[in-house]
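The next block holds one structure in the form of structure tokens; read it before the comments.
Each chain gets a letter, A, B, C, D and E, in the order it is written, and its residues are counted from 1.
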Amino acid sequence: MCLPAMLVIPLLAVGLIALGSRPKVTALWASVVNCIPGCLASGGVLRSGEILFGPEPIPAREVFPAKFILGMDGLSLSMVWLTLLVTVAAIGSAQAGIKREKEYFICLLLIGLGALGAFLSVDLFYFFTFHEVALVPTFLLVGIWGQGDRAGAAWRMTVYLMLGSMVLLMGLIGLYLSLPETARSLDWRVLGETVRANPLSPGTQRILAALLLIGFGTLVSLVPFHSWAPGGYASAPAPAAMLHAGVLKKFGLYGLMRVALPMTPDGWKEIGWIVGLLLAGNILYLGLAALQQRDFRWLLGFSSAMHMGTVFLGLISGTVLGLAGALTLMVGHGLSAALGFAVAGEISRRTGTSWMQDLGGLAQRAPKLWFYLMVAAMASMGLPGLANFAGEIMIFFGAWAAHPGLVGIAAWGVVLSAVAMLRAVRAIAFGAMSPAVSAEGVADLQGIRETWPLAALSLALLLVGIVPLVVYGPAQPVLERLLTP
Amino acid sequence: MSAWFCPEILLTLAGVGLILVDTLAPEQVRRRTPLLALLAAMGILGWSLWPESRTLPTSWLSLFISDGLAAVFKPFFLFCLVAVVGMATRYRLEADEAVRGEFLALPFFPTAGLCLLVSARDFLAVFVALELVSISLYLLTAFHRTKPASLEAGIKLLVMGGLSTGFLVMGIAWLYAGAGTTEFSKLLLTQAGTGANPAVLMAAGLILAGIGFKVAAVPFHAWAPDVYEGSPTPVTAFLAVASKAAGLILLLRVFGIGAFALESMGEFFRPILLTLGIATVTLGTLAALPQRDFKRLLAYSGIAHAGFMILALGTGGEGGVGTVVAYLWAYLLASLPVLLFVNEMERLHGSTDLRHLDGIGRREPGPSLGFTLCLLSMAGLPPLVGFPVKLAVLANLWNAGERPALVVAVIMAVAGLGIYLTPIRAMYWEREADAIPARRFPPFLFWVMVMAGLLNVWLGFQPQELVRLAEKSLSPLPVLEAIRE
Amino acid sequence: MIAYAPYLILLLPLLAAVAIRLFLYPFPRIAVPVSVGACLGSFLGSLMLLNAGTPAGGMAAPAVPWIELAGLKAGFSLVADPLARLMTTTVTGVALLVHIYSLGYLAKDPCRSRFFAELSLFVFSMLGIVFADNLITMFIFWELVGLSSYLLIGFWHQRPAAGAAANKAFLVNRIGDFGFILGILGAWSLFGTISFADLPSRAASGAPFWAATAVGLGLLCGCLGKSAQLPLHVWLPDSMEGPTPVSSLLHAATMVVAGVYMLIRVLPILELSWVTMNTIAWIGAVMTLLPALIACQQNDIKRILAYSTLSEIAYMVMAVGLNIPGPGMYHLVTHAFFKCLLFLAAGSAIHGCHEEQDIWKMGGLRKRMPFTFLVTWVGTLALAAIPPFSGFWSKDAIFAATYDRPGLAACSMAAGFFTSFFMLRMILVAFGGKPRSEGATHAHEGPPAMVVPMLCLAVLSVLGGILPISDFLGMKPDHPHHAWTLWLSLLLAVAGFFPAYHLYQGAMQDPLRVPILQAKFYVDEFYQRGLVAMQDGLGRLADAFEGWVVRGFLVRGSGVAARVAGQGLRLVQCGQVQLYAAVFILGALGVVGWLLGRVSS
Amino acid sequence: MMLGEITLGHYLALSTLLFLVGLAGVLLRRSLLIVMMSLELLLNAANLALVAAARFKGIPDPQVAVFFVITVAAAEVAVGLAILVAIFRLKKTTSAEDFASLKF
Amino acid sequence: MEQFFFWSLAVGLLAAATSVVTLRNPVTNAVCLVVTLVFQAALFITLEATFLAAVQVIVYAGAVMVLFLFVIMLLDVKAEARRPIPWPKVAAVLVGAAAVVAGVPKLVAAFPAAREPLRWSAQSSTFGAKELGALLFTSYAPLFLATGVLLLVATIGVVVLCRRDPGS
């Protein structure tokens, strides 16, 4: 019962807010309370490998093949926790008393709900459905509360994501239909077994893998389907960017891991070189573009999109180590991106700008904020001790045997990312105080009330960085099964 | 005996009764005509849902059939009737208030025609039923005769309708000349085993043009935007939902399960339907994007939806037919509330321009929420009911291997998002409208819209009910089955 | 019990850093002693460990797993072999002295809590490198050292130059680490292990020559970055923007020699390829000479010392390249003493002159700061390898190994000549003559907290030569000692003093002007105009492509195309019913015609 | 052909031609009255084909169909003319070109 | 005999129909339409549909045309003003029509039954009022009812639309 509870609680909160309860408090409590069923479910997973809710899957074709089955195993465990945590932090750092407060928090809750549902769904129909639930709230969040070219960004983001979703949908439909009629199912456990017993033909696998790659890839902002991401994140209000970059984007990677890899292993291998090319593009092209950003949010957007390349490297490594690294990096990236956008949000809320040249000297004015800025930057550039490094190392080791060249590129990406981040930190933190920073009313983070979301994310980064076992440990059997032909 | 209480007869009697009441009854009763009309419509709807009531008088059975499809769709039209009558009670006739009784009674007759139409098994019956609908609609469209737009819409509908009637009758004539019969099952039998008969093909082409008019399929669509825009909004609803659905069911009966539904005819009709479908989807979607009048926008959006359904039909087979059935119900559930909302909006503002939506999301959160959900459902976004049906269309296209159509459908499904997000954007992003009306929406709208929105969500989340409906509508297909064997 | 000592030594500074960061930040009076105390604890622990006298194999502390998955076993397991123990003692010892020195140096800085937290973090990271028993652990701490270096260089936030220098240091290190991580990956795939303990046996079973070369060069990259060797040396002089204790501890005594330490750790791999070894030796040889030349024309007292550091580290690198790790380590230790001393002395001078670093604006300090003057002389003599100071003994062992490599010998001995030259120049200009600025006029000795560490280091610099370091390590070079190298190097070192004395005794401005040396051989300019500009250019290209082509043309374009198509389609809808009829009729005729055409064909 | 026997084909051809004349009228005439007359021509063309089919196929059903068509045509004309009258009262014109306010 | 009647009636029918479409005075158009309908009634007779011929004349030529003329008079519709003939439009229609016309014989020839010759009295199957009536009230009774409803609707509608003085 704890699985549906995790979906019901945010929904209840949405209802309560709509009925007039205090938005921030309600949303925050709901997302905190939601961790309780999360804990219970995790306990179940750790004891028995996986837990389920809903009707048992029936392989035979029924009236409508989709079944509302929720499930959690070692792989979804970390994703679910990532979602829970980032939701709490995002809502915690969201501004109470913003215009149209009600709608704001409802939208945030809905994004979290969509992500949770997607990660908990065992059935591909609901898996897809839940992801889309988050689409419209994102549109509204960017459109109503965003900055800069918010209208353009909202449209671009939405249409892009929708397009990606549709291609993805094609892939899923194709996957379903290319199975023999008696064995069709949308349950990925059943699907996995079916495909393992009688693999799809190479041609089919190739097409499906390509469709899934493009579909999921768009959601993940794989080059050249990335261009919604930087601008979208730059324009989004901070909590929305935190949730989207931190959590929702992981849906695509999770899907690739869950669906594309096990269902179309040969096709995936066959298009591996294309993926390699694209991920190199992610790292080099977006990394270089990130160097040139003048706006901190844009920089974070590019850098966030850039790191996806490294995760993809883990995905095509074909080793458990690489996959585990990808998973760890997903978590790490989720946390660090969330932290980064949170810090950016705090900065621009205080100073009214996120142009790096207008900031400067922040470290003197707001040392706490600077500290978290440093944590985010360091995590993003893969500093040991923080989660991203653990993921990157595992990916490098896992992928080295198969793709040494790409590992080299990814390692250079670490350098690029360091260049970008260090420049940003230098511009924002060092030097004499700029007018925006020294202006009246610019203050450091105030007490525990403003600090805790950032601190929580930082601690999580540290925890995963030092004990990556918490992420890859439960997932290890699942990953091994994914790779067993 | 109870067979004589079939909806068609009840509808006619109700219509006549209403007119009599309106003409003859004392003033106190006349004031209650709207309520009476609504009750009558609801009563008939309830009656039709009663399991025993859907058989036809036995003497009708040479022209009409009482099968699953008819059983599923008579309630559909009655549902529309309830909504249309409901809207008609709220529509402002201005100088023509004196004839509101007629305005309320007239929709009963075309509804009877539609009920006949869906159970027709003979082209002659189709013709008569269709004309009953058409002629009533000419009148209803032009009913608001103090409004030039209404009259213009009426005359346009009349000219185009007359043209399409000419084609339909010509087709029937050629059918007689070529095959000697117009009954669907006999037509199937005469074609079975023989090669394609040019006369029959030609007749089919002409009939297709006639039906295409009803469906507003490109290139027979041109009347739709103008007429939708000009008609009184309840009539727009009737045209957009009921009349269009009837056309599609006819298309389905003729090309999907009867008359020309043989496999051997597929090579002739499938390409045509697919081509029409592609053209319809594309034009409907693209032309809807720049619209500023809501009813006109809905017209194009309706064209696009018809295109999706035609595409599904073009894939042939039961899958396509079932998809159309489910799609129509989904379309009904999404578009009727939208029209209801628009009707109220028009009542407050006197026009249906999109600008009246500006900022309405804040002023009227409840109805706006339902409205948003319905619009998103039309956009085909999960978890709303529009999604599974669009999914079914795409799945059918994939299964049939219709790649170009699939690609177009996918692109247009994405582009279509723009159509529906535009009003949503206006509701939530934009500033308040310049002229805020003194009055607010009536309370009933809140409940109707919220319930409709939730219904859309629920069915989108659990589409099994729709699928059952589709299966039920296809349950007895005796003739086709016999011929196939 | 003693097996856990490494953990104790390692974690004490970390605890201090965390405690200061979390709780003691606003209370420098508590925070500073905590940091110093932690360092003292570590030092005492190191001494205990040094005396533990365990077998040469060392004792590995129990491992803490980190990533153990599918063939990769990376954990924090610490090793305490003689090499590590020696290094630990050196690091903690020097660090302790610098901590104490900082008490005086930063006594008035409001941010000293942060300084000491960062200093503790550095000690922790540095000790991590020392204790690391495998490449990944070493890499982890390697990066953390980079972080602490970054933080400490940038300690004075308000100085833009500090930020720039910090960035440069971190980035250049990152570039080195890029090669390092690839080297680690290569070593892992080549030998199947990342553990130092397993390396000798695995390497002994052989590996393909070029693969081993590539791996070796990759690992060398890490050393080049951290130890600031050619071509990644550019960050070290800039890093002098940090507070002087930082320069003395990180950028002279400990952190920058980590590269050498690492090379010694992976020596079994390097040995597999003569190409690697020669590369290392030659980089070392060249780097002894070039910085020494540059230093002759520098005016910033800390920069002069920084270039000298580059040169000295190069001796150690060359030693590794000559496969004599023992003397290399020996020089590392003595260098730590005397270079740290020199920096502290320079800091004292700077402090005394009110943050004046230009030697031409000092002058006459001999009178006002006699103690500093004295210890500077001690350091200088040790640096110039004048017997019996410690530098003589350690350098001599390295010179001795170059007896059959004339090229290397020439470079390194010429460097010795120039070292003497620029050191005497520095002393003469800064301490001799008359005060040349207001600050220098009022110069004074620092508080006892600054004097005592200098005194300790001076003693060590004098006596360091008697330490039996090679024996302790069990790495005594086995080649014969050739006296001529000893005499020649000594001769050149002494000879270096004469021209310096001649030129700079009483000089008010620099009589020599060698632009290429003043400009440091234009390496920075080359990087800035060449590599950085190239990368930025590519970045600008990518950004422009992204902005104009992808976002502007493709994305916005498709949106515009949809709109335009929609508008175009609307034009057909002109309102004329007869046009609609025409469309209708044409459509119907089309359908019928297509059907009939199909049936007749 | 000219002197050949009259076949069903002749009647169908004639009906088609009549249909075409009707279509031309719908497309070309400005007056909506004439357009409606042309619509009548369309229905009449169909009627001709129906009657011919009945005669040559020897079945009565097409003739029944003609009944319905005539009835429908009459109703259509009545409604159409009513709308025209209403329009004329409002705008004093029956020219098709004057009804293009709803567009795009 | 058959040939003569057919050809002369066909020519007359087309000529009258063409006049409906081409002439300018609405009254003339209406008269031409009557002539067309009468020609068609005559053609019905050649097809032995005598009853329908009568209905055609009575309902169409009688009732419908009177309605038309009535409206023409009521609205006082003038002859369509002369205007430059829209040549492009006409040309397009002509070309289209010519293409279709050229296709007609081929099309018709494709019918399986199209070559059956017509001989008067050769077949005994004529359908008079009695047969049609029987059909209309048995098999087609529901449609008959529906047509009734249709006429009712039309009546109501016409009354509503053409009321004088709306709103008062």
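What we mean here is this: a residue touches a chain if its C-beta (ideal position, glycine included) is under 8 Å from a C-beta of that chain, and two chains touch if they have at least 3 such contacts.
Fair warning: this is a prediction, and the values are worked out from it, not measured in the lab.
Following the contact convention of this document, B, C is the list of chains adjacent to both subunit A and subunit D. With steps allowed only between chains in touch, the distance from subunit A over to subunit E comes to 2.
If subunit A is disregarded, contacts among the remaining chains keep them together as one piece.
Summarising the inter-chain layout, the chain whose CA centre lies farthest from the centre of subunit A is E.
Most remote chain with respect to subunit B, judged by CA-atom centres, is C. When every chain is represented by the mean of its C-alpha atoms, the one lying closest to the mean of all protein C-alpha atoms is A.
Between the chains D-E lie more C-beta contact pairs than between any other two chains. Separating the CA-averaged centres of subunit B and subunit E is a span of 31 Å. Rounded to a whole number, the gap between the C-alpha centres of subunit B and subunit D is 27 angstrom. Averaged C-alpha coordinates give centres for subunit A and subunit C that are 35 Å from one another.
Between the Cα centres of subunit A and subunit B there is a gap of 42 Å. In subunit A, the positions touching at least two other chains are 155, 159.
Of all residues in subunit B, those touching 2 or more other chains are 124, 128, 131, 135, 138-139, 142, 145-146, 155-156, 159, 163, 167, 177, 198, 202, 225-226, 415, 418, listed in ascending order. Listed for subunit D are residues 8, 12, 22-23, 26-28, 35, 47, 52, 54, 56-57, 61, 64, 68, 72, 75-76, 79, 82-84, 86, 96, 99, 101-103, each touching two or more other chains.
Partner subunit E is touched in their complex by these residues of subunit B: 12, 16, 19, 57, 59-60, 62-64, 94-99, 102, 105-106, 109, 112-113, 116, 124-125, 128-129, 131-132, 135-136, 138-139, 142-143, 145-146, 177-178, 197-199, 202. By the touch criterion given at the top, residues 65-67, 69-72, 74, 114, 136, 139-141, 143-144, 147, 154, 157-160, 162-164, 166-167, 170-171, 174-175, 178, 181-182, 185, 188-189, 535-536, 538-543, 545-546, 550-551, 554-556, 559 of subunit C touch subunit A in their complex. Of all residues in subunit A, only 18, 63-64, 66, 68, 100, 103, 125, 128-130, 132-133, 135-136, 139-140, 143-144, 151, 155, 158-159, 162-163, 166-167, 169-170, 173-174, 176-177 touch subunit B in the complex they form. The residues of subunit E lying in touch with subunit D in their complex are 2-3, 6-7, 10, 13-14, 17-18, 20-21, 26, 29-30, 33, 36-37, 40, 43-44, 47-49, 51-52, 55-56, 59-60, 63-64, 67-68, 71-72, 74-75, 77, 80, 86, 89-90, 93, 97, 100-101, 104-105, 107-109, 111, 113-119, 123, 125, 127, 131-132, 135-136, 140, 143, 147, 150-151, 153-155, 157-158, 161-162. On subunit E, the positions that touch subunit B within their shared complex are 107, 110-113, 138-143, 146-147, 149-150, 152-154, 156-157, 160-161, 163, 166-167.
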